[in-house]
Amino acid sequence: MNVNRLRLYLASLVALLVLMILPLYSGPYMMMILTSSFIYLAAAEMWSFLAGHLSVISLGQQAFIGLGMYTILILNEIYKWPLWASIIFSGLVGAASAGFISLSFLRLRGFFFALSTILFAEILFHFFRNWAFVGGATGLRLSIGYKIPLQATYYMAYITSIISILTIYYLHNSKIGFAIRATGCDDEAAAEIGVNTFIIKAICFIINGTITALSGAIFAIQTMFVHPQAGFGFEWTLAFVFISVIGGVGTIIGPIIGSIIYVTLRSVFAGFVGLSMLLQGILCIIILSIAPTGVWGLFSSRMEKFWRRLKRFS
Amino acid sequence: MLEVNQLCVSYGELQVLFNISLFVKKGELVALLGPNGAGKTTFTKAVIGLLKPKTGSIFFLGKRIDNLPTPDIVKMGVAIVPEGRRLFPLMTVKENLLMGAYASREARKKTKDTLDRVYNLFPRLKERENQLAKTLSGGEQQMLAIGRALMSLPKLLILDEPSLGLAPNLVSDVLDVIEKLNKDDGLTILLIEQNVRAALQIADRGYVIENGRVVLEGEAGEMLKEEYIRKAYMGGA
Amino acid sequence: MNWLVILNLSFRALLFGGFLSLAACGLSLAFQLGFINAAHGDMAVLAAYLSWTLLTIFGIDPFISLIIVAPLIVTIGFALQKFLLNRFLLRGQMDTVLIITFSIGMIIRNAIQLIFFADPRSLAQPYILQGFSIGFLNIPFAYLINFIFALMMFTILHLFFVKTFAGRAFRAVPQDCEAAMMFGVKPEVAYMYGMGIMALTQAVFGVLMGVTYVFFPTSGMTYLLLPLGAIMLAGLGSLKKTFIGGLIMGEILILSGYFFGSEYQYIICHLITLILILFRPEGLLTRRS
């Protein structure tokens, strides 16, 4: 194992340990920020993976978030299922709906797929908004938040992020990784050389649905309030797009940087959600125009140039 | 009028044209001949700006055009009848013709007169004036494609394989029109053809391309008598 | 089943549908040129809010404000197209264009929300709230005026596409872009025209929509998805098809509102759009080749 790899693993291990211990030393505000960061990170990594490696752009991620949130509401709050079961089930709901989307829409051309994800999310929005059972437009409160400590929510989000990142890492480096990148580059060409592009896309999309739904479920537990706008608003997709684009689409570290920037931005503009979204949009456009590889892309290419120059001197 | 120097064109890593040099003087009808896959259409695309050459240069009326985008080249007075006609299928005959005049302000002003001239040349087009281009027969489509190119009042007309896919009697009709345009109206023409004998019979000079290289050039009359040509393209003595 | 009410609603739906097809115009043109403007609906909403500002601060009547608002929106559209979108479109990076227009939509929506807050707004004027009756049909003025405006714009567009060189060139590009270039058409100019028409139709649609209905900063999405449905219904390729698509969509929206309640109107429309995307993306009126 070369030195760089080793350094990377060590750094990751240290980071993981630090983050694991952090809750013991942080107050509730810090806890909330960290938990939010991991919720967004988990889902954004998935979006970044789909868009960057697979060239599948989904603009309706909020569908999964909302489904995850409402599953917790229905199962845990209304039917009093145990929390762990509800969470697992929300992952399943995410997987099922992603499966449904895969079967129906994945064969569509880029735009139509993106539009169909928007439509899907909108339909769910209207549906839940008019469903009195779950509180209609005003939504319902969750009581679970009072029964579990903040740290528990933190660890749930933390673990989901790790699962998300490890899954991406594994997919990238496994035998499927080649098929994934081939499909992302040019799926017609990939199909011609024998890649089953549909299965590849479906697998990735279902994983995406599961993790995003889990993120939504944890978000519901954290904020303790589920209503249609919170679950199915476009802010979610914008957030994932922003995090991925700013950090670096298709990389693993990119969204990590992006989530940090995102959560910082949100805290700075704590009272003015609209303003932060405005800035997100503007920054997205600026970054796409000037530095499409994102912060991490810029950084890693600078690092490469730096190492190359160093080697020339030695 | 048109001057091509040492043109080399590649599709990515694959080089297709090797040091092609040719020229067309004002008023001439020059034929560019060669078998399928020789590189004739690649050449046309390079002249018209759809492909950028790796090395070499192309000059039109003394100005360098190989680095210009297609619309700019066309505006200078080059008109093309593309291989396969490339008509606008959902537009009518008249609309296709009018599109021909788009490139030049002068041509736009004179559309009425130019349309009359084109209809005189191709009476069948007048009959089908309001029909969609995709409903025309092969021969009519070829006439329309030529008419469309003429609408721009070009200084140089390039025809890429106009006889392709046409019945023999139509082929001679088309070539008659091309000859008329050159001999009677003085239009400078670059004719790219597989039909060697017919092309050389109406041309002033000719070039033969094989595998991306010019292998023969000269006066059309001389080339018709060339042993090489007769053996390779016209079935022997 | 109150037939009188249904007939009235159907007629009203026709007027509404014709008006809706105006919003579908620009989207259809963008599709044919190969891209999607995710901020399509938000442009209309922006126009409505600009008109509202002129109304509230200067007392300018909404219809008159069009003289200021329409060129403004068109200019913004041109600027966006020329300096931002064309770069990526000409390189074929459609994914990036999608994300950029999505971001633009979010920017517009949030800017509006910050400035105007989320309250419902309206441009309604007293003279517009009346209606008149022909026999058993009750026709609201606003619906009629919207329909007439839509017809006017369609006529202007038709004349543009058929009688002018620029219009013909614009039609040629989606049919054979390379051939169009061979006759002097620059694709970037075609894109500018496309955006110009989109911006103009959306501005007119937006202001008229504001006069007839209540609008919010978030209304943009509805005015992207409904026209999308109209396009899916009839197909691309001609103004006539877009118009008919709008009419059908109008009927579906309003009649499903009557039969299933206003909460389910949108669900039904979006569902139908989704099903059409899946199974008949070329539209119901286009022959399968």
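To keep things simple, chains are lettered A, B and C as they appear, and every chain counts its residues starting from 1.
The working rule: a contact is a pair of C-beta atoms (placed from the backbone, for glycine too) under 8 Å apart; a residue touches a chain by one contact, two chains touch by 3 or more.
Given the structure is predicted, the values throughout are model-derived calculations rather than measurements.
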Touch graph components, with chain A removed from consideration: one piece
Central chain (distance from its CA mean to the mean of all protein CA atoms): C
Chain centre separation (chain B, chain C; CA means) in Å: 43
Rounded Å distance, chain A centre to chain C centre (Cα mean): 33
Whole-Å separation of chain centres (CA-atom averages), chain A against chain B: 56
Touching residues (chain side chain C, partner chain B) in the complex: 165, 168-169, 171-172, 175-176, 178-186, 237
Of chain A, residues touching chain C in the complex: 51, 55, 57, 59, 104-105, 108, 110-112, 114-116, 118-120, 122-123, 126-127, 129-130, 234, 237-238, 241, 245, 272, 274-275, 277-278, 280-282, 284-285, 288-289, 292
Complex contacts: residues of chain C adjacent to chain A: 35-36, 38, 84, 87, 94-96, 98-100, 102-104, 106-107, 110-111, 113-114, 221, 225, 228, 263-264, 266-267, 270-271, 273-274, 277-278, 281
Parts of chain B lying in touch with chain C, wherever the complex brings them together: 48, 50, 69-71, 74-75, 80, 82, 86-91, 95, 98-104, 108, 148, 152
